[in-house]
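One chain, chain A, appears in both complexes that follow, with chain B as partner in the first and chain C in the second.
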Partner chain A sequence: MKIRPFRLTMSVLAIMIPTALMAVIILLALYSFDAIRFNGLAFLFGQHWDLGNLYMDPVKTRGLMVPHGATYGVLVFIVGTLLSSGIAILIAVPVSIGCAIFIAEAVPARFRPYFSMLVELVAVVPSVLIGLWGISVLVPLIAHVIAPGMSAVLGFIPFFSTAGGGGSGLGLLAASLVLALMITPIIATTLLDSLQQVPREIKESAFALGATHFEVVRGAMMPMVRNTLIGGIVLGLGRALGETMAVLMVSGGAINYLPHTIFTPISTIASFIVTQLDSAEQDPTGMAVKSLAEIALVLFIITLIVNGLARLLARRFNNVRSA
Partner chain B sequence: MTLKANSRRSMLLRTCTALVAVAGLTAGVARAADTVSLNETGSSLLYPLFNIWVPAFAKSNPDIKVNTTSTGSGAGISQAISGVVQIGASDAYMSDAQMKQAATIVNIPLAISAQSINYNLPGFNNVHLKLSGPVLAGIYSGKITNWDDAAIAQLNPGKKLPDHVIIPVHRTDGSGDTFIFSQYLSFSTPDWSNGPGYGTTISWPAVQGGLGANGNPGMVSAAQQNPYSIAYIGVSFHAQIAKAGLGTAMLENKSGKFVLPTPATISAAADALVSKTPADERISLVYAPGAMAYPIINYEYAIVNTKQPDAATAKAVQTLLTWALTKGNEAQYLSQVNFKALPPAIVSLSKTQIAKIGS
Partner chain C sequence: MSAALDMHSSLAGPDLGPRRRLYSAIGWGLCSFAFLLIAAPLIDIVWVVVSKGLSAFSWTLFTTVTNGTSGGLLNAITGTILLSGGALIIAVPIGVGAGIYLSEYGNNNLGAVIRFLSDVLTGTPSIVLGYFSYITFVITLGWQFSALAGMITLAIMIVPYLARISELALRGVPNTVREATFALGAKDPTVVFKIVLPSAFPGVLTGILLALAISVGETAPLIYTAGWSNFLWNGKFTHEPVGYLTFVIWNFINQPFESAHALAFAAAFLVMLVVLIINVGVRVAIRKRSFA
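This part shows the complex of A and B:
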């Protein structure tokens, strides 16, 4: 048999990525096995996270050695993650669509590269910088301007009222806005690329039929880039769900309670893992670190579900179009 | 033609330079065979002090190279146990259960740190309010919600405190500051001891309006940006606290007296517990007895394995730690981070522990 060095190298490289992914999942699952056994389903629905008294002798509970008084419930962090990413998407999608259409259609062709470069530039700003901007500019702005304003206008809806506290600016809204800023360029640039690839014939035919510019964009161009848009949203959502540092800096680090307004402090799964790891390492039974591994697994599963749903959605649209 | 020759010559020159450089490096490595490299990681509170220490230490000990990194006390302990680093820095001493798992590890105090309770209370930031463990426990568990609460008023007669909700700020990341603050609450308040207890992170009760902040800088800025807040901050951040214009509380000690964190009250607390410090030096200095004793201070520890990989490394660790306890405990280094020197009796206990380090 002939040896094909190129083919062999490429195959090895191609296999490496899925293998690494599988290894991460399997190791996480194995590592958190004890925690899954100890926590059971209460893990997902419990609101109370307590490492227990690490300075007392560990006790045997459900056949496993754990610190005295340890309980691990992560509902607060799951809710914080989904809410902040969800609100970020709600803000980012319309903004990105508007931004992409503006650059593709309204900006003169010779300035277009500069505009799209500006948007791409926002995408490469390190998240810790955005977090710093968040804590020094955005948070005081929310505390002094946005929160009182929103509360005055929308305060009749309990979710937008500052009456129950949360006037510090740190919290769900700050986290969502920071995330929105980070994912808008991702969605906008993917959308922009494919808007620019819409064949000229299609646009020209639509114009020839008497469509206005708005109708051309809405009726002829947007349906063609719908899949890209969904892809962009998935990418953005993936970044939002896993974002750690920027969120940590502005979220207010909630523990043991669920947010009841958009101004309440929250914690996300990723930022919680970072803040807890060091103390968890002091747990002589290792259950704390294993429980953190279990949260990581939960985050992974959430990301998988979100991805799967988006793919399903994309397929749905395709079927509708071809039908 | 000449141009080409020129460029070729410059290429040759560059190659030669590179070769010489590589040779120089190799020689450097060969010479470095006698030098010992030590790794330190852990507490972000001790990290600035190590960075002040290391250049001064290197001057008198050029053959020992010390690499410092800031990770966290938990990482300092676990990496010292696993052997990744020779010196783990920790604000908290190891628990009995941890000691059982790692019997060859010693906890060696290097210096004394303290913590202040700070508040941003408009109109009162230049007044030292009196606060006690039970009152702070009440605030952090949501039982005392307003600044004009009777429990606070009782400690501060004659001061008209505002009727405004208190914003308690706590650390979200694992921290020695949380450890000693929650110890103060635990030792002074049975309810807290039976509830959240103490640790480098604890399960904070849900308090309406309460905030989590990341790191001491995060604590300072959260307190600064939120009027009516209260926070616990490491004393090495004294300059930042002053710059933010925060008030510093007088805390009730075990003898019922109210004291500020000053060199005198910190030393008084440390001295009070010298005789109680066991040979392995694992002891909390929080809530020390004595009329002058400031209640929230702690030893900053080096976590070291007494079984080092080889004799040279063991010797280097001993040299570094002994230097830290003698020369390194001088005010010229410690005052830069507002730490205090160890009492002489503790230095000799630490030296006995250092002597156990071998290979």
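This part shows the complex of A and C:
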């Protein structure tokens, strides 16, 4: 085969992308190898993250030098991640649907681009700015208005009661709300695109049957975009699981206990990695840094599964559409 | 079809029961409320950042470096420019090159694999990339917190975006243009660099600008790689931490001092200005072009 230098150069540049991804996976796995060996399955199911006594001589445990009394359990952070993302999805889905319907059907076509641009802009606001707004506006609002209000109305359910503390406003609810704000535009714009692609004939047939405009949207249009909606939700979930700064700033940074109400402070995997940097560096055996690499690997695998699912759903949808 | 007219005519229809009318009215009410729920926070974010950011504004922000949690932002501003600029210098050749490959030669299995893995990289949490760079560059290679580690991390983040947007832009150039150039006896590099890339330049530039906006607003991957410094960058790419604006926002808002909060909001104002100007500008330009 003739060597074509230009094509070769471009393909080398292109292959650098998969190479970078593979390097991330392999180097994280290699680096956390000792930690995986030391922690075993207790890593995923333990609730206790303790760096051990960093001032005593390290002891040999399971063939590895670790600080005395060190245990690394990340169940609390896995639960915090899944719970905050799950609640965020529960909030974001109805809001996204309403928002997409409003822009696609109620806004005059002339103004539609401006409305959809407004929603798109929410998605590009940097995470740290959302977090800043969360601390200065949302958290006080939760502490003084939303938490007492929810507790008064729904307080008979223990999960919604402030009786167990958590009156600072920092916690699971704040984290879920900022996540919901960040993923709503993703779901809404995906849905908006496909609502605008619903064939005119479908809408006209429904109108001809005497349906009101809202009944047309609900009965004729929404069933047609259901698959896109599911794809958008999974995409949003992928973003929520890995979100770091906004969650870090409003979640309260809890360690070593599981949330028992919606107002309890939490940590997610991503926010925990950031908060642990300084303390983990103090560990002379390096096991804390390696365990953090393991938890980063866990987060990576979770998002990989979720994003893979999103792609699979998108492909199925495309097949259905072209069939 | 005017949506407003439809709504009106269907609501005014003669044989609608009061239940269906009420049901529709509540439905539309909830939909507009949903839009408000998403628009109001954005407007409030802009309002809070602009009002508090402007009241913290002064020329000393641009002339002095941070001193503990007070002083100016000169070190952070230059640091952000350095990190984002460096990331672009690394990422643009790779991203645009990958875009050229995917668009010109990528209709094969290798192209499909690269596209898929590039999407996976886009979906990777930024903190995971940050931690990867931390163990690789900062610890294993011994660079310590440094500008180069931060730049490479940001570059890994934005390369997949650049590749995807460049590919789309290049694919938008009609094949007849390529054929005409080949017919004149031109070789691949001439066709791509002299004809296809210039025609697709606005699209590629859009990608570069959006990548710049992403890297200016990014925080998490830099905490583990660039670190933080109160001093101006001294020209060293390794073994020397650098400051950046998003660190000020995150870290200083948690300090108990008024001066720290003022700096955090001033930094937030600068970051938001860059991100919003780029994003709004790009969208307006795209709209204008699609109508021309």
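Observations on the structure shown:
The rule is simple: the second predicted complex is superposed on the first by the 284 of 323 C-alpha atoms of A that agree within 3 Å, B and C clash if a C-alpha of one lies under 4 Å from a C-alpha of the other, contacts with A are read in each partner's own complex, and residues count from 1 in each chain.
Assume contacts are C-beta pairs under 8 Å (C-beta built on N, C-alpha and C of every residue); 3 or more make two chains touch, one makes a residue touch a chain.
No experiment lies behind these values; they were computed from the predicted model shown.
With both complexes brought onto chain A, simultaneous placement of chain B and chain C is prevented by a clash.
When the two complexes are overlaid on their common chain A, residue A:Leu277 makes contact with chain B and with chain C alike.
In the overlay built on the shared chain, the residue A:Val139 is in contact with chain B alone; chain C does not reach it.
Shared-chain residue A:Gly69: touches chain B; no touch with chain C. In the superposed model, A:Gly86 lies in contact with neither chain B nor chain C.
For chain A, the partner with contacts to more residues, out of chain B and chain C, is C.
Of the two partner chains, chain B is the only one touched by A:Asn256; chain C is not.
Applying the stated contact rule after C-alpha superposition, one finds that A:Pro148 touches neither chain B nor chain C. Comparing the two complexes, residues 135, 248-249, 274, 277 of chain A contact chain B in one case and chain C in the other. Here chain A touches chain C in the complex through residues 4, 6-7, 9-11, 13-18, 20-21, 23-24, 27-28, 31, 94-99, 101-103, 105-109, 113, 115, 117-122, 124-133, 135-137, 181, 184-185, 188, 200, 207, 210-215, 217-218, 238-239, 241-245, 248-249, 270, 273-274, 277, 289, 292-293, 296, 299-300, 303-304, 307-308, 311, going by the rule given at the top. By the touch criterion given at the top, residues 48-51, 53-58, 69, 135, 139-140, 143, 164-170, 248-249, 251-257, 265, 267, 274-282, 284-285 of chain A touch chain B in their complex. The residues of chain B lying in touch with chain A in their complex are 71-75, 77-78, 92, 95-98, 100-101, 165, 167, 170, 172-174, 196-206, 208-214, 218, 221-222, 225-226, 229.
The touching residues of chain C, counted against chain A in their complex, run 1-4, 6-7, 10-11, 13, 15-16, 20-21, 23-24, 27-28, 30-35, 37-39, 41-42, 44-45, 48-49, 52, 93-94, 97-98, 100-102, 104-106, 110, 113-114, 116-121, 123-129, 131-132, 135-136, 139-140, 156, 159-160, 163, 187-189, 192, 213, 216-220, 223-224, 246, 249-250, 253-254, 264-265, 268, 271-272, 275-276, 279-280, 283, 287.
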